[in-house]
Amino acid sequence: MSQPHMPPAHPFDDDKLKEECGIFGIVGVTDAANFVALGLHALQHRGQEAGGIVVHHPEHGFNSARRFGYVRDNFTSQSVMETLPGPIAIGHVRYSTAGSKGATAIRDVQPFFGELSMGGVALAHNGNITNANALRRELIERGSIFQSSSDSECIIHLMARSMGRSIPDRVEEALRKVEGAFSVVAMTRTKLIGVRDPLGVRPLVLGKLGEAWVLSSETCALDIIGAEFIREIAPGEMVVISEKTGVESHFPFRPQKPRFCIFEHVYFSRPDSIIGGRSVYETRRQIGVELAREAPVEADLVCPVPDSGTPAAIGFAHESGIPYGMGIVRNQYVGRTFIEPTEQIRNMGVRLKLNVNRALIKGKRVILVDDSVVRGTTSRKIKEMILDAGAKEVHFRIASPPTAWPCFYGVDTPQRDKLLAATMSEDEMRDHLGVDSLKFISLNGLYRAAGEASGRNDAHPQYCDACFSGEYPVRPADMLEQGFQMKAAE
Amino acid sequence: MSQPHMPPAHPFDDDKLKEECGIFGIVGVTDAANFVALGLHALQHRGQEAGGIVVHHPEHGFNSARRFGYVRDNFTSQSVMETLPGPIAIGHVRYSTAGSKGATAIRDVQPFFGELSMGGVALAHNGNITNANALRRELIERGSIFQSSSDSECIIHLMARSMGRSIPDRVEEALRKVEGAFSVVAMTRTKLIGVRDPLGVRPLVLGKLGEAWVLSSETCALDIIGAEFIREIAPGEMVVISEKTGVESHFPFRPQKPRFCIFEHVYFSRPDSIIGGRSVYETRRQIGVELAREAPVEADLVCPVPDSGTPAAIGFAHESGIPYGMGIVRNQYVGRTFIEPTEQIRNMGVRLKLNVNRALIKGKRVILVDDSVVRGTTSRKIKEMILDAGAKEVHFRIASPPTAWPCFYGVDTPQRDKLLAATMSEDEMRDHLGVDSLKFISLNGLYRAAGEASGRNDAHPQYCDACFSGEYPVRPADMLEQGFQMKAAE
Amino acid sequence: MSQPHMPPAHPFDDDKLKEECGIFGIVGVTDAANFVALGLHALQHRGQEAGGIVVHHPEHGFNSARRFGYVRDNFTSQSVMETLPGPIAIGHVRYSTAGSKGATAIRDVQPFFGELSMGGVALAHNGNITNANALRRELIERGSIFQSSSDSECIIHLMARSMGRSIPDRVEEALRKVEGAFSVVAMTRTKLIGVRDPLGVRPLVLGKLGEAWVLSSETCALDIIGAEFIREIAPGEMVVISEKTGVESHFPFRPQKPRFCIFEHVYFSRPDSIIGGRSVYETRRQIGVELAREAPVEADLVCPVPDSGTPAAIGFAHESGIPYGMGIVRNQYVGRTFIEPTEQIRNMGVRLKLNVNRALIKGKRVILVDDSVVRGTTSRKIKEMILDAGAKEVHFRIASPPTAWPCFYGVDTPQRDKLLAATMSEDEMRDHLGVDSLKFISLNGLYRAAGEASGRNDAHPQYCDACFSGEYPVRPADMLEQGFQMKAAE
Amino acid sequence: MSQPHMPPAHPFDDDKLKEECGIFGIVGVTDAANFVALGLHALQHRGQEAGGIVVHHPEHGFNSARRFGYVRDNFTSQSVMETLPGPIAIGHVRYSTAGSKGATAIRDVQPFFGELSMGGVALAHNGNITNANALRRELIERGSIFQSSSDSECIIHLMARSMGRSIPDRVEEALRKVEGAFSVVAMTRTKLIGVRDPLGVRPLVLGKLGEAWVLSSETCALDIIGAEFIREIAPGEMVVISEKTGVESHFPFRPQKPRFCIFEHVYFSRPDSIIGGRSVYETRRQIGVELAREAPVEADLVCPVPDSGTPAAIGFAHESGIPYGMGIVRNQYVGRTFIEPTEQIRNMGVRLKLNVNRALIKGKRVILVDDSVVRGTTSRKIKEMILDAGAKEVHFRIASPPTAWPCFYGVDTPQRDKLLAATMSEDEMRDHLGVDSLKFISLNGLYRAAGEASGRNDAHPQYCDACFSGEYPVRPADMLEQGFQMKAAE
């Protein structure tokens, strides 16, 4: 306990949107926690600050471990894993959110656990509850004691106060009071439960490994344990799984048209995951193809900003016929922040993670393909490094539309006035970044790349694209209370 | 987080009763947590497994730290203490209790904290709630989520559900539902609260340091910070203290005749503390005097079993005229358990902590003065070491009556059938230990030494002496439910 | 000290050759150790087990820190770095070698330090001394006390016994007694010294940062601190650098034809480094081009084995016209080894690091481009994963010739009989791996890719290629003593 | 390795002389290191900063562990101890000395190890080499590389350069070149070696445990493992012990009249140890008796300054007839230094460790018995606490003569001008401390208490008492070189 919490540094911390969570559960294996550890390792890109595992064993009851840092550093030692015995377990990886700084932060690490009158329940949540503040006030007024600053804890208190006879009944009752985006994995002593909100904003998939059943945010975590991908949990669906009864499914919420998060395709999910029957890699590659059609430019080299720009860069190069090359090399040992030397090192933060391949860049007209521009700070630094290395021209091609609105559904975005695209036009951004050209893919182009051949249905958009369009499919009640201004109706 | 919890080994772990808690609070200084750390350090003998501090700062709000291990190892670094700013703080040191093994144990470390509708409250408890099981069941039934296995957590949930308008009102209301022994220190953003149960089983004292007010289990913790000892909190008294209003006192419970724990005099409290207007050292020394009168024996040397037998040994030597000497030397670097070598080392556990002063013991008739005999295991080992060193005779004189009944008021005692005195007469114990004589002080002698000139008032005993007499002043409801057999009425 | 040494796991531990060291030094900045930490971070790929830094400060003298684990985890905290003040420093990253298991291993971490009669000297070595055993025996016989099991320590003992008047003189004298491959960075209180062996087997470059001078194994470590690349230290050259006098160069050894390690181009060096005036990336890309010409095959997808196969795959795809794609995705959070679940997970080790992009692979004829085949164990597992994902055909193209001989010049290679290519022909390897085709680049093709237009000069090879050819430019004396059989003369 | 070295705080750090080392060795048991750990634990009072163990196993060779901190914290875990297999081991505990601050300090922790041409040797030293500077210079000149700042390392380099055929021969030859005080324990693969300097300044005893042989600084470490005390190693004796041959003894040095350190009796050794056939406890008790005769005073209470003043206080009380009592209570959880609160706490450092038993002290004339006065800083603080508690008079009685000269034979003493007795008379000290009376035992009284019935033989003193008398039995060559002024001949 005495080891201070020192979260690892992430590349471009201030210049990427960050998915807040990955969730994983399994029932029906001898040592469920080991599988959860592997699954969370594969989902680490969805949350790198902390992780937790809860397990149940017929004799040893519920046990849990919650740690700051990477899964690989916390859930690999015999001494930790042997405290987590049993055939059923769930786990969670997370980013920090605004409320959780300081000495109590480990309490915010999920899964949450509660002893209800019919037995214990653990729950892990990916998404964001948009009416959490109101719920929390009401629950405290009635005597609930919150242990964390997390909005997700509301769910378990709603369950504790429910009159439902079984834990699945109480999960259902609690989630009906909750607004926003949620994919939830929960467990009792014998049952694994999975739920997606009616819009299906966040992903959740079902897998099978021998006789065991698996729930996971993404299919890449099925692959790591060799599980078979069965299907996605449907928007609004709730599954209750046990070794005995297998998978029981029902749909407890009022049905709505699905609005899956399109940014999962652009950046959050791993390229080797399958979403909506479609390879994330293929969508990203296709974005590059669309970009090359929408915004061609004469150049000598197509170069990805590693690693997330790579598939789109491959697509762009293929479509344009311009050679593809590694103009920027990533340092694979990225980690904590070094002490900055007193002599000035320009762009030191970026240099720790990236280096320019000078010999390749020199004298060339370079197209840099990146996944998104948030604040633009990193883009500027990369541009400088490329020019310092002797590039003749620098053209940015961005694999998403301008990010002009914050996300309230489980993604950590800066406040609106910190988003470059909220305050500048594309041309202003180009000048601000100091590049020869800057082009974002169009919203329609993005929808096409994601498989919607005729583009976005503006009347009933097929995805949640609030971060690009400002059209929020669920009213962000807490944020409106705090003064957030919605986009004026046109 | 990755450092496994390895509680330090205590001398004679299996052969002493263990006080379960020490509590301390202060309001009105710049850096309250530093004072609490010092106070807890002075109270470390009351609980060595873990400690916690909660603090409030007008700007930084509530913060807390809870750690396994000694205060000196956890609350001395700048990096920890600077996370605990503010002018008001409370703290707690504890032993582990039966329920708290495994991965969730850090959750059992007090003070407990809850965010109520009128603001946060933290609470630390010394004692034991004898109807905790029933309360817990009822609270869970109604939707409370317990975070710990501690009986003390009931208090804070009772507070959360109270309709009281202020936190002090809610403390009062909660404690009226609670049975058993409790000294409580609690805090709000501005108020320090102290309460003792109507019998006053556990100690709690009030001190003053300049303009600041202090609450502490014992006066020795006032001394370490240079605070003045004002008075004891009276049995059944509740004090609410703030910088502005000073100390407000009232008596919310139905009055009862006080029954302070007499074992605090015998062993739990530090010899330099003042209890009931009386020096603990002096009481212990006087026990030795009484013992010398009640159970004299011809011998060459009076020798304390260090360190707790020392004052009684001094009294015994003085009264008997037999020279006092250090026949047993304590290793002051006692700590974790060493790996036992494969060649057998007899009594290795004891040897790590004690060594016989062979040159002094050899050929002598030795009187060993110890504070108590619980299981008798250590007494046997010490006797063997003394005989191995060449003593001619070994006489045990015990500074307490036979411990024949478990305590249910905040002391960790073995089950009744593990108590030597529950199953053997004095003579049988003497033979079991293999010593030349064994004498315990009488219950009347103990009362006299504690200042009751005419001994125990059997109709209305002045102290709680249930561990000796089997007369429990509060019905141990939870234990009866679990099958404990009370002493048959005579 | 009490933290046990737990070296991070490396991808494909058993199936790659491992460079044993990276070295870095700087003189003339305010806080030299911070620069060395950055430089070593950029050189981390050359040695991931441990790192060390020695620094000198006019007032505080010599200080050092040696740690197991990554630079980013050890040399980033204020508390460590503030113990390393001063304007001159050198550092070292390393792999473990056979001799250094067990409790004394930290002593093997360089730089080594010795107090000589004219002052202290620290020294870091990349390479391997082929007559170390004989030197060590002789030095011990005469009274030297070795602190490590490292061959490099001989150098500092030879210096201690030298009659040379200055430390540079002694470095020179010591290195003249040493056989094998060495690039050395050393420092006195004011001087930075760099030396390369006469063959120039291992790299060493000179850089400049303002008024400060830098020595580094590779240019990528100059880039990270923004230093300018001045030139390579020449084979057989010794430079002595001080703030006052700048760089003084001479050539103390008998001149020989250079034989730079060609495997540095293939795998060891970072793609963004410049070696011999040539971009490593470009050489690797060109290897892919040569491979596509030498060993074409009809297929649907060219797919690199990440990350080291990427540049050659890009070249292969470009030359062949077959689309390039990320058929294998790397998990960027690779780390320690997880506990293997009891249910069998096939190829678990590989799955932790790599996942197949199933949607892309399915139904395709896939060309996998990898840098080398050592034992072949990983290649087999990757092939299985690709086939499981539904590939129609799998063709391996390897960016180096068959590795049939161990390296004795500072690279950790398995014993000869563990090298797949030492016991099998290309066709046998193809069958052993179970792939549709397997082709290695020819030695001539490799030389051409490295810029030797007419290929290998078999009479006087331009590079050391002993691992491919069995032609050792320096007699491996210690190994011959231990029974190693050289290739029979033809 | 990343755990910073944080030495535990010691009571009265600045106001006690500190023994610098304890040594222990054993041969002939299955798991020698476990025994050494226990022995060092019993010798912890001789050195609390760090400890080390070296062990040899026929298969696993030599292994070692060196750690900062207490033996109980470092050599008790399975993970450490299982790296130390084998039937022969030696160990060392130490204080830090002036030269060893900073990043290289772990290198100063003994035992030292060297690989000689005939095999490895480890060596641990208690004492001080008074010609170490000259030896060191000469050895470096000839090519030895020192790894530590310790004077003891000279011995092992002298051994490495010796032409002796066996390790025992080389130990002997090396020690003949060394001046000063030394008790040495060394080991080869099969032999345990013990040596005392010709004056026998530092202790060393021989014990037997079944078939195994033990060497130890004090007998208390024999007791902890249940070994039998055989005899002291004689001044000037060297013993070579193996399982096969048993104990072989010879006397390699020119014989001298022994001069054992008398301060071992006063303070360094544990009271339960036997030195020179005499119980340390008994000598200390007798010092109290002599003090009561030499310096009687009318008073109400004799009170030891815990813990080292206790035996003399018992003797003083017994002889004077004045009651003995615990006027000062020691906090047994003393440890690291707490953060000092901003409000001033007077004498905080002392309060962490000691508290006054106010009820006992109040209104009394108190005699405080302490072992020594070095700087006088602690004595002043204790006096203040006693007066604050309401004592009527405070009389100090000191169980040693005034400490007026530094020790150069293995004890950490302040520079001469920091010693209170070097600059003040007894009366001046009394006034400086502000007590009613202050008396030191006379040198003759001390000798009598130590068993020399007719006191000190001034022509041929029986002990080394340089710290009191300024008569140094070995010329302190290094210190004279650094400007130390010896006492003028009278």
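In this document, chain identifiers A, B, C and D correspond to the written order of the chains, with residue numbering beginning at 1 in each.
Just so we're on the same page, contacts are C-beta pairs under 8 Å (C-beta built on N, C-alpha and C of every residue); 3 or more make two chains touch, one makes a residue touch a chain.
Owing to the predicted nature of the structure, the values given are computational and were not obtained by experimental measurement.
A.B. asks: Farthest from chain B in C-alpha centre terms, which chain would that be?
C.D. replies: C
A.B. asks: For chain A and chain C, what's the span in angstrom between their mean Cα positions?
C.D. replies: About 36 Å separates the centre of chain A from that of chain C.
A.B. asks: Where the centres are mean C-alpha positions, what is the separation of chain B from chain C, in Å?
C.D. replies: The mean C-alpha positions of chain B and chain C differ by 61 Å.
A.B. asks: Hey, how far is the Cα centre of chain C from the one of chain D, in Å?
C.D. replies: Centre separation, chain C to chain D: 50 Å.
A.B. asks: Residue numbers in chain D touching 2 or more other chains?
C.D. replies: Within chain D, residues 73 contact more than one other chain.
A.B. asks: Chain pairs that touch, all of them, please.
C.D. replies: A-B, A-C, B-D, C-D
A.B. asks: Please name which positions on chain A make contact with chain C in the complex.
C.D. replies: 29-31, 34-35, 37-38, 41-42, 44-45, 48, 70-73, 75-76, 78, 81, 209-210, 212, 220, 223-226, 270-272, 274, 278-279, 281-282, 285, 307, 310-311, 314, 318, 323-326, 329, 331-343, 345-346, 348, 351-352, 355-360
A.B. asks: Would you pull the chain A residues touching chain B in the complex into a rising list?
C.D. replies: So the residues of chain A touching chain B come out as 1-5, 60, 63-65, 67-69, 73-74, 77, 79-80, 83-84, 102-104, 106, 114-117, 137, 140-147, 156-157, 160-162.
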